[in-house]
Amino acid sequence: MRPSGRQPDQLRTVNITRHYTMHAEGSVLVEFGNTKVICTASVSEGVPRFLKGEGRGWVTAEYGMLPRATGSRNDREAARGKQQGRTIEIGRLIGRALRAAVDLEKLGENSITIDCDVIQADGGTRTAAITGGCVALVDALRYMQREKMIKSDPLLHLVAAVSVGVYQGTPVLDLDYPEDSAADTDMNVIMTSAGGFVEIQGTAEAEPFTETHLSGMLGLARQGIQTLNELQQQALAAEE
Amino acid sequence: MRPSGRQPDQLRTVNITRHYTMHAEGSVLVEFGNTKVICTASVSEGVPRFLKGEGRGWVTAEYGMLPRATGSRNDREAARGKQQGRTIEIGRLIGRALRAAVDLEKLGENSITIDCDVIQADGGTRTAAITGGCVALVDALRYMQREKMIKSDPLLHLVAAVSVGVYQGTPVLDLDYPEDSAADTDMNVIMTSAGGFVEIQGTAEAEPFTETHLSGMLGLARQGIQTLNELQQQALAAEE
Amino acid sequence: MRPSGRQPDQLRTVNITRHYTMHAEGSVLVEFGNTKVICTASVSEGVPRFLKGEGRGWVTAEYGMLPRATGSRNDREAARGKQQGRTIEIGRLIGRALRAAVDLEKLGENSITIDCDVIQADGGTRTAAITGGCVALVDALRYMQREKMIKSDPLLHLVAAVSVGVYQGTPVLDLDYPEDSAADTDMNVIMTSAGGFVEIQGTAEAEPFTETHLSGMLGLARQGIQTLNELQQQALAAEE
Amino acid sequence: MRPSGRQPDQLRTVNITRHYTMHAEGSVLVEFGNTKVICTASVSEGVPRFLKGEGRGWVTAEYGMLPRATGSRNDREAARGKQQGRTIEIGRLIGRALRAAVDLEKLGENSITIDCDVIQADGGTRTAAITGGCVALVDALRYMQREKMIKSDPLLHLVAAVSVGVYQGTPVLDLDYPEDSAADTDMNVIMTSAGGFVEIQGTAEAEPFTETHLSGMLGLARQGIQTLNELQQQALAAEE
Amino acid sequence: MRPSGRQPDQLRTVNITRHYTMHAEGSVLVEFGNTKVICTASVSEGVPRFLKGEGRGWVTAEYGMLPRATGSRNDREAARGKQQGRTIEIGRLIGRALRAAVDLEKLGENSITIDCDVIQADGGTRTAAITGGCVALVDALRYMQREKMIKSDPLLHLVAAVSVGVYQGTPVLDLDYPEDSAADTDMNVIMTSAGGFVEIQGTAEAEPFTETHLSGMLGLARQGIQTLNELQQQALAAEE
Amino acid sequence: MRPSGRQPDQLRTVNITRHYTMHAEGSVLVEFGNTKVICTASVSEGVPRFLKGEGRGWVTAEYGMLPRATGSRNDREAARGKQQGRTIEIGRLIGRALRAAVDLEKLGENSITIDCDVIQADGGTRTAAITGGCVALVDALRYMQREKMIKSDPLLHLVAAVSVGVYQGTPVLDLDYPEDSAADTDMNVIMTSAGGFVEIQGTAEAEPFTETHLSGMLGLARQGIQTLNELQQQALAAEE
């Protein structure tokens, strides 16, 4: 039995609110149950130095958490003068995931920065960030087309992510914090709306996991991401 | 005429939402028009080293801004490894202001950290942070009383803050970003609900300001803060 | 009764020594009693990036304190790899104050950096730094005219600063360290020789302060700054 | 055809040299073809603060690369004052992997730090580091038993890692740098000698990958790791 | 012919002013011609961690330069968040030199920090700092004896330093900045008043130097340091 | 009697292995007994900013030590975010020494960076680094000639270094760690193959040293460096 009373294959309630803040070209509040992340997409002309003159664009991401997004307060990373390893790792993961959604050639020499800031955490912040960040990214691409910064739509497919794990011996979908803390295995799966894998990261927390568990988790992830893709589509279909 | 069409002595619409996030002992979303700040109060046992063994508590504050809270994206301070001078200065100001609300002896050797994170900026973020932060602080003090961490209420009075300025030669109340950018003078006033001054910070942006302007601004501030104190009281009177 | 035996409206002995060190375009040792600050003005061609191509100049300031300028040794900020919040805040204050003395258009695309280094501290280091820094700034402007870097004098007026406070219930002028530590309220006032306010920063250390105390302090500050302006003039009138 | 002429399921020549340097409790030079990593295991009494008093030990790892381990020189991270995101991420990965090899209860309140320093890079540095690091770890555990720091052997099983990828449409084992740069997908698999998965990290570099490719890669990894486990065993069986 | 017109074996005018600032246990302004350094000695109880419980004391030093001590302004190290290699190296040199003057056993578990801050630079700042720092150190030792922190005088002998070099083929004593910039070889020699060598650091700037030049420089240094020792003695003999 | 049983004038066994790693233009493993240092020389076009447009090249060096190169593990400097003073100082020393080997005019506007990374330490790491680094430098210069980056050979002479000291009252050559820790005096001498001094750094660890000891040490150094120069020549004479 899951702490939340959910079925093994049941996502938490997912909400995707577009135009959440007013300045960014894309701005989304994404909620996976009690996990809440503000995802903004900021468009800028030009690309980082290592890409200059190659005619391609760039998508990058940064991740952060308000100090009291969690049960006990964490030091503010800006005040400590250093991001934690975990923070840097998640930002890199989100960036890689969202670059897979975009044809960087069609983006021209422009950059999009996705900022994912967790205002309330209850497990699965990185998967919520990717799922919401992709919607913010689409809004930014639409903005660029309206503003004639680009000629054609660089979007290849939507990208969404979900966590799966083995909790008390059973594969489960979309772990919240109590499950995540107690799970034997935790895996983040990132897929496109076309059904391809973008990234798989699975870690045995206690016991190594078996091939059977791996199959079970991958099956749940595939189904969960399909639902998330539908929710992304619905959010993006709404009137502006 | 003010860009927003407001009267010189008119505040923006102010909203104070308590219990905004779920983990912190006090959590407030404060809105001064389009300026939105999440203020959380985190209680911890013990005090910083310089206060150890003195039997008194401590209240401190940190300030931050999401990278895209503003019209163009600012570098994430955690990623740059350094807070800007402005950020540090505002955090120190909020801390001083909120310490004035509390009898630190009655707090015992406990600490409260107020985190003020701007999710959308349109001028007056520090005054909104102080006004909302004080409400979060009161919620944290109530928590400490419920949990029997302290015996009596350390609250001395409420503290609120507002900006005033001279805009096109006229003193005005609660500047938004377009006014702030164009104002000749900008002054932040912090007062208690008992009518005492906690802090005054006035800066001539272009022309030095006169004694007459100073009096005009102080009068507007006094009146604005009185209104803010009433809104704080109303928010705090609501059922939990 | 003040610890120093001074009258409430009495400044400490103020000395302004020009040409104190040999390399800088302006170099002043300013003494407010036992507080001693070396203020140098360094001229350089060009402006910071955010001002490039606008035809205007820039004046900025940095503040520092020798580790043993005070009663007990402070860690050297360069060795710790970080300036304290207080240090950054004071540097920004001095910079704003001295920019108010100069017509930045007339400065052309040139920069002046004012370094204020406290070699002995006894309260009021920031007000001494502004008062002495302004004299160093004038020497730098004279240098630029002699060297034909600029055509006309960019000086608008002299700027000076003084602290006032409420000590044992009475407003007093130019607090030294023993008063400063014990004062209920501490206010720094920066004014031009034309009598306009450049900046006011007043903080209640213990009790909030009243309107009456505010008026009393502002009156003392006005008179003290007038005397400081005269001492600046005398120093600048001396033979080179 | 692979650039190196290897078969799709062929590892590079792997060498594991124990007692490579003289001071560390475990010291291994591991070579996966031209990739060469020095792995040392350092034993110390006590555990990090977050584990104090829990009666368990800790295994952690750090990763580094000599500036000219690669084709063009990289800035020295110590001189830049900051580790790259990639460096931090790999260090965390190695630490997690090697903790899976050890019963931390049996380690007592002792710590082992695995330092993996790449002296020559040709792809697969992190998998070589894990594979060699595990041998250094076993030597450190043997040292602790000889020195009576622990009573029983905390080793649960050996851990090894290998990279797999999809190169020109075909799953291949143990990518070298030319393959790695051109591969569509890159996956690192970490397994125990008992056949369980410790960690899977697969990333689509260009095209998302399919379920079929995933199966192909996992099959190659399983077989490659079995060979690596045998090489670890042989190295560990040698006379001291 | 030397730029200053001095003889090859002629020191610049050296002044040593004790009690230069009021807070430090030892405070000296040392002038070697136009080079001016404030040296303060700060006494504190306790020793750094690596010495705890050994019954011995510690003497350490830090070096700094005001940003405009030189002909063109250097970035403030505290603002850059990093000391230059040169700064760190000189601080370590001064510390080593002054530890040679003291019997650390007799110092008990107390520490003395020598801060050497250059307010005006014209070559030879490190040798001036050592020579003046030693006088500040003696004043701190006298303070400790007066305050009964120590029972007997830990001073072993005075330590002084001077630079020598080869300028246009001739060995010369106490190089000023114009000579230093043009010299073929620059050597800093630190000796005790008993005639022993504490440290020799000689560097060929352009051409390697010969044994003959080395002998010439060492002879000049010996004589110069003897004169400096006399000046230290005179300064220390003066009425307090 | 020396701990190692060597004669006072006896070097440890010295090995110089060229082409040690495969990517760098020069790559040497140098061994002074148990001290082992990897020295690589990396060639790049262009020079640091301060040399731009002067038609001269630059040679610089960086020094590092693997965390467990020594008897107990040192914190990784990259992870601490700061190089130790000792590390910076040694890097600067190696750079100065190797610049003395090269005619920077003939190098054109090109740079060579020498990285010296200690993989096993037993005293004398800096002297081994200079001696081995010079061989790597020569290989880099040969590469530049083969690649036609330069027309003539910029090598002026070989540079080598050795430590000497006073151990139990007797001058000895090439101190290992046990001697180094116990020596009264430690001196590093850097000379050219033409017999000129490039740098002398001698420090009295306990007692100041006398003129006689200085002569004794210089004599041993001269002889030791002659031997090292021969070993460098032999290594460089070997077939490529």
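The first chain written gets the first letter, and so on, giving A, B, C, D, E and F; residue counts start at 1 in each chain.
What we mean here is this: a residue touches a chain if its C-beta (ideal position, glycine included) is under 8 Å from a C-beta of that chain, and two chains touch if they have at least 3 such contacts.
Each chain and its UniProt protein: A, B, C, D, E, F = Ribonuclease PH.
The structure displayed is predicted, hence computed values, not measured ones.
Steps from subunit A (Ribonuclease PH) to subunit D (Ribonuclease PH), taking the shortest chain of touch contacts, total 1.
Shared contact partners of subunit A (Ribonuclease PH) and subunit C (Ribonuclease PH), listed by label: B. The pair from B-C, C-E or D-F that reproduces the interface of A-D, where over half of the contact pairs by residue number are the same, turns out to be B-C.
More contacting C-beta pairs link the chains of D-F than the other of the two pairs E-F and D-F. Measuring from the averaged C-alpha position of subunit A (Ribonuclease PH) to that of subunit B (Ribonuclease PH) gives a distance of 33 Å.
Remark: subunit B (Ribonuclease PH) and subunit D (Ribonuclease PH) have CA centroids separated by 50 Å (rounded to whole angstrom).
Note on chain placement: the centre of subunit C (Ribonuclease PH) and the centre of subunit D (Ribonuclease PH) lie 59 Å apart, centres being C-alpha means. Counting only residues that touch two or more partner chains, subunit F (Ribonuclease PH) has 81-82. From subunit D (Ribonuclease PH), with the walk directed at subunit F (Ribonuclease PH), the chains encountered around the ring are D, F, E, C, B, A. Listing the residues of subunit D (Ribonuclease PH) that touch subunit F (Ribonuclease PH) in their complex gives 21-24, 27, 34, 36, 38, 40, 42, 44, 62, 64, 66-73, 76-79, 81-83, 87, 113, 115, 117, 119-121. Within the complex formed with subunit C (Ribonuclease PH), the residues of subunit B (Ribonuclease PH) that make contact are 85-86, 88-89, 91-92, 96, 100, 187, 191-192, 194, 196-204, 207-211, 214, 218.
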